[in-house]
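Two complexes, one shared chain (chain A), two partners (chain B, chain C).
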Partner chain A sequence: MLEIYAQAFATVLLPPNLLAMVLGALWGLLAGALPGISTSMGVVLILSFTYTLSPMTAFVLLVGAYLGGITGGGITSILFGIPGEPSSVPTVIEGHALAKQGKAAAAMWTYLLCSIFGGLFSVLFMIVATPLIADFALRFGPAEYFALTILGLSVVSGLSGGSMLKGFLSCFFGLFLATIGTDGITGEERFTFGTVTLLGGVNFVVAMVGLLAVSEIMIEAEEPFKEYKGMVEYRGLLQELPRFSLFRKYWLTMIRSPIIGTIVGALPGAGATIAAFLAYGEAARTAKHEPQKFGKGAIEGLMAAESANNASTGGSMTILLSLGIPGSNTTAMLVAAFMIHGMQPGPLLLSQRPDVIYGIFVAMIVINLLLLVVAGTAIRLFLQLNRLPYSVFSAAILILCVVGAFGINNSVDDMMLMFVFSLIGYFMRKFGVPVAPCILALVLGDLAELSLRRALLLAGGSPLGLVSGPISAVLLLGALVSIVYPLIKKPKMLGAS
Partner chain B sequence: MKKKMVCLSLTLSLALLLGGGFRISTAQAADFPERAIEIVVPFGAGGGSDTAARAVAEGMKPLLKHGLVVTNMPGGGATKGMLHVSQQPADGYTVLAVTTSHLIDAVKPKTRAHILNDFDPLCRIQWDTSGVIVSGESKFKTIEELIDYGKKNPKMLKFAGTSPGGWSEIQTVAFFKTVGVQVTFVPFDSGAEIKAAILGGHIHGAVEELAETLPLINAGKLRALCVIMDKRHPALPDVPSAVERGINYTHGLMRAWAVRKGTPPERQKFLLEVIRKALENPTYVKYIKDNHLDVRPGYLGPEETRKYWEEEIAFFAEVLKDLGYVK
Partner chain C sequence: MKTKGEVFFFAVCVAFFGFMGVQALALMGEGRAGEIGSALWPLIALAASLGFSVVLLVRAVRSPRRAAAAQAADRDEGDESRRRRQAVALSTACFFVYLWAVSLIGFILATLLFIPAFAFALGERRVKVLVTAPLVLTTVMSAVFLKFLSIPFPKGIGIFAAFSRLFY
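Take a look at the complex of A and B:
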């Protein structure tokens, strides 16, 4: 066993592979940081360059781009308040709030360290327990997916920032948005107003960029010509690094989030975004130290989300390498890469090409470590941008938002939709309605509805099918407790402003 | 003698006419691609349609002076890309990658562009093969056992698929209808989810394209009960074909290319020639071999493609009517 790993290390560390990893990671970071280029798009774009490479070089390049992409989402999220990736929306909510309080540098370093920690944790988890994770993931049927989404939605109370009524209002609006588009069970069109654009539903990224980033620019624009609040004086690296005591304080979150991330990442119907939201929600629900800070710059929320979304990579790769099932869009691209190099990802690959499988395991460790250096350098450069006056800065962000919304599907309609959402976001903020529950509901709503209806179809219409398995019963019970408990504890909160 | 002269002159003039005509058409064809040809794929990058289109396009590139661009235009099933091509000038510069979902759209009353009325087919390029797949641990060992159970327990057989009202549902329901079984179709979002649901024992099985499931079948995690065509699949020699078991059902997913209706015939002919040459390109041949797309001959000329489309659309109309999607 040890020899296999030693050999894998030797292969992965060959100069061309090392170079491929650095380039892949850099490209991934860029794709992840830009809102219009998702991680999977980033991987597709370099896929065509891998035809002529040796298989190992091709895989480390693509895996590098994958891990880099998931990590890169955090940079623009914290600094500009634009979710570079859907999976970094919780990072926008907490991290950008921290940046506005002048703690951009601290937030960035914490995000990076947590990302890398989550990534490494999941690779090690994967190496030790591949069959275990795969078996557990396969036990998730529609009923379990439904329970998972309900548990995710039940944290709304923790994200409402004071008024539960407004929190639930925002959540229900998000659930409504999730129903727009082609009905996944009957194929019927819902609330599409006869347009082609809305047939596929409201695009997450378009809604998020509008609700979070552009609406904030509108709010900030009401106070002209001010310096950017998040401006930082960049001190030495050592002074900016988060202290170890921070991680000790939130040790539970640091252990729990990567586990959630790895398992949810292995579910083909879920992935990095849902992993990040679930871990973030769990952190909000169980926050001991400063629960009132959630939504207003809680470092714990940032840590949970970033370690979970990076950990989803290990889960996703587990299910891909052990069963040949892509757990996410990006790993679906890796299937294509395997085919290009004449390999069929599946249960037999491990015995046919152990060199490739172990090589990828090892490469994931090395890439995570490389990312620490590569992203660390990128962060130092990006922080310089923070010195710009906000009037200049916000114009640049707006351009990035518009290009991003257009770029997802090359669609002008999406761009318009983004502006509609920015207006909605603006009024939500003005009336003190929190945006986070709405986005949470938009992310989870579709899966919640479809898995509920699938579960009912499978159980012949009987709702008992929803709680027949132990996993779904436990998850639903957890959701029930987390909805009811705050109501009993603080009945005054309902309706209070 | 006189007769001979007439014959000769007739032949000569005919030859001149034909030759002249030929020269005109080559002249036009030579002018034709004055810029890059755009291939519109109505699905996202990396999917089956996209990979197929790019594989053909790769072989076309060296044959076109100004090259070509593949544009992904996902959205609205596959309607957004189709609508876009139907709104471009009929000059042969925009080509649509057609799939079976466009034929199904043609049946629906709300269709925004009609594949038969608004497009001219260039050719069919691929004809994929599906199989009836269950879990490796399933109690159903043969297709007969499955059908038997289905007949005794109407609607209790639950099969997964992807697109409600689309190809996946049609092929599942139509296959089972042919054998006299009422099946419950449960739509999922992706092939990956379906495989996980079958492996986890959450659903009985699926009627799906075979290429993607082969690794899991070879590992014994999934089991193919029959392949939906008229002969056995070379990669699964032990699995019976549908026709062999007396099931008269051989429909499969197809991929074709088309241009907007009214595109000058000589331009259509030019494009067809280029595509035909690209289909013989070694890289493409290897690609369809690796993906088992060469199990059944995929290529059909323009007229045959149109005829095939008309038959498929008539068939889909019937199935969709049964399912209640069309009144």
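Take a look at the complex of A and C:
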């Protein structure tokens, strides 16, 4: 076995592959950081360059872009409050709050180190436990998916920021928003009022950008005018790097979050978003050090979300390489790359082309380490943006939001929809209704509804079908505990403002 | 006044969720055995939203002490508070006009005009910033998104479309 890995290392470290990994990681970082370019779009854009490359070089280039994209989303989330992907929402909540407190450099380094740690952890986990993860993921049917989404939604108590009543209102509003558009089972139109724009439903990136980023600018506009966005004193790498004691303090979060990320990442359709929210919610629920800081700049929340977010890449790749099932849009693009090079990912590939499979495992380790260098260099450059005049910085963020909303479908209607969501977000924030539960519910709502309906169909309409399997029963029990426990612990949270 | 505003906000929520609830009822229909139709899930979401909105509305109405405190705080804030609220309204209006203008006069011109207008609305008065920032930012944004990433932003209509075609 060691010989195979030594060979894989030797292949991956060949100059053309090394160059491909650096370029892929750089492109991915850029795509992840730029609103309007999702990670999957970033991978698609370079897919056409891989036709003439050798299979290994092509795969390391694409995997580099994939890992770089997932990591890059954190940059704009922390500095601008713009989540490039739904999985970055917890990063916006905690990371951007830290940046506003003048701790942008510390937040950026913590995010980067946790991302890399999550990525590396998941690859090692993947190497050791691929058969187990694949077997576990195959046990997921509609009832298990429904239970998983409910568990994901149950972290609403951790996202409520004080009043759980308002948190639940926001969550159910998000669930309602997720029902807008064409029904996935009957094909019936729901709440579209005859408009074509809403037929496909509310795109969560449009909603996210409006609810989080634009409304934030509106709220900031109420504060007294300031000449500059914020002063960032970058004191050098050694001074800005988080101390090891920080990771020791939150060791449990650092272990638990990547495990959640890897396992949830392996579930097709679940992926990074549920992983990030679950890990974040778990960190908020079990926080021993400064739990009151959650929602206002808790470093533990940032660490949990980012390590789980990146760890999901290992889970997604596991299920892709071992079973040939793409767990996300981006891994679906990787399937296309395999086909272009005459391969079919799945159980046979491991016996036919072990060099490629082990090469990808090793490449993921190397790319994660490369990202530490590449993104670490980029951090300092990005931090300089905080020295821009505040008014110009705000205008630039709004333009990036417009690009982000327009870029999804190249639709002007999406820009207007984003504006509507920015007004909704502004008033929600103004009256203390948290926006994060709404986004979480909007992202998970569709999967929750479809899974519930499919599970009930399979069970002939009996609700007992939802708890007939051990996995779904445990997950639903976990969700129940997650909702009820904070209420028992702090009953005043229900209505506190 | 935050409490008055809260009462109004949650009253709007009640009206909105009530209206949508009525719309959801129209989706109810007969399904196969074990099948739940299109209406059940939205009805659950809307009923819960309506319930929470009503509770929050009642709580907002029944908090006279907070109302009095909010009123006193508002009186203290005075002109500055009003000025900031105007800044929010003006900057939001600028943003809305920008979104509308992008399809009318194209991305480049709309962005060039939006940046100084928005900065001015926020309270920016430094002439150097108001003049140079739009030029630099529009150039950078156009280079990255129009040229490098080829995002097909609207070009505008008539003469504005002809102008946009010079660049993308």
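Convention: the second predicted complex is superposed on the first by the 490 of 497 C-alpha atoms of A that agree within 3 Å, B and C clash if a C-alpha of one lies under 4 Å from a C-alpha of the other, contacts with A are read in each partner's own complex, and residues count from 1 in each chain.
FYI, a contact is a pair of C-beta atoms (placed from the backbone, for glycine too) under 8 Å apart; a residue touches a chain by one contact, two chains touch by 3 or more.
Nothing here was measured: the structure is a model prediction, and the numbers come from that model.
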Partner chain(s) touched by A:Val412 [first = chain B, second = chain C, both, neither]: second
Partner chain(s) touched by A:Ala308 [first = chain B, second = chain C, both, neither]: neither
Partner chain in contact with A:Leu457 - chain B first, chain C second, else both or neither: both
First (chain B), second (chain C), both or neither touched by A:Leu113: neither
Chain B versus chain C as contact partner of A:Lys430, first or second or both or neither: second
Which superposed partner A:Ile325 touches (first chain B, second chain C, both, neither): first
First, second, both or neither for A:Asp183, with chain B first and chain C second: both
Chain B versus chain C as contact partner of A:Ala378, first or second or both or neither: neither
Partner chain in contact with A:Phe168 - chain B first, chain C second, else both or neither: second
Chain B and chain C footprints on chain A, overlapping residues: 183, 185-186, 410, 457, 460
Sites on chain C touched by chain A in the complex: 2, 5-6, 9-10, 13, 17, 20, 23-24, 27, 32-38, 41-42, 44-46, 48-49, 52-53, 55-56, 59, 80, 84-85, 87-88, 91-92, 95-96, 98-99, 102-103, 111, 114-115, 118-120, 122-124, 126, 129, 133, 137, 141, 144-145, 149, 151-154
Of chain A, residues touching chain B in the complex: 40-41, 44, 47-48, 137-142, 182-187, 189, 196-197, 199-200, 267-269, 319, 323-327, 329, 332-333, 336, 339, 342, 344-349, 409-411, 450, 454, 457-458, 460
Complex interface listing, chain B residues touching chain A: 45-46, 51, 54, 71, 73-77, 79-80, 83, 110, 112, 156, 158, 163-166, 169, 184, 186-190, 192-193, 195-197, 199-203, 214-216, 218-219, 221, 290-291, 325
Interface residues, chain A side, partner chain C - complex: 34, 36-37, 165-166, 168-169, 172-173, 175-176, 179, 183, 185-186, 188, 190-191, 214, 217-218, 221-225, 227, 389-392, 394-396, 398-399, 402-403, 406-407, 410, 412, 415-416, 419, 422-423, 426-427, 430-431, 445, 449, 452-453, 456-457, 459-462, 495
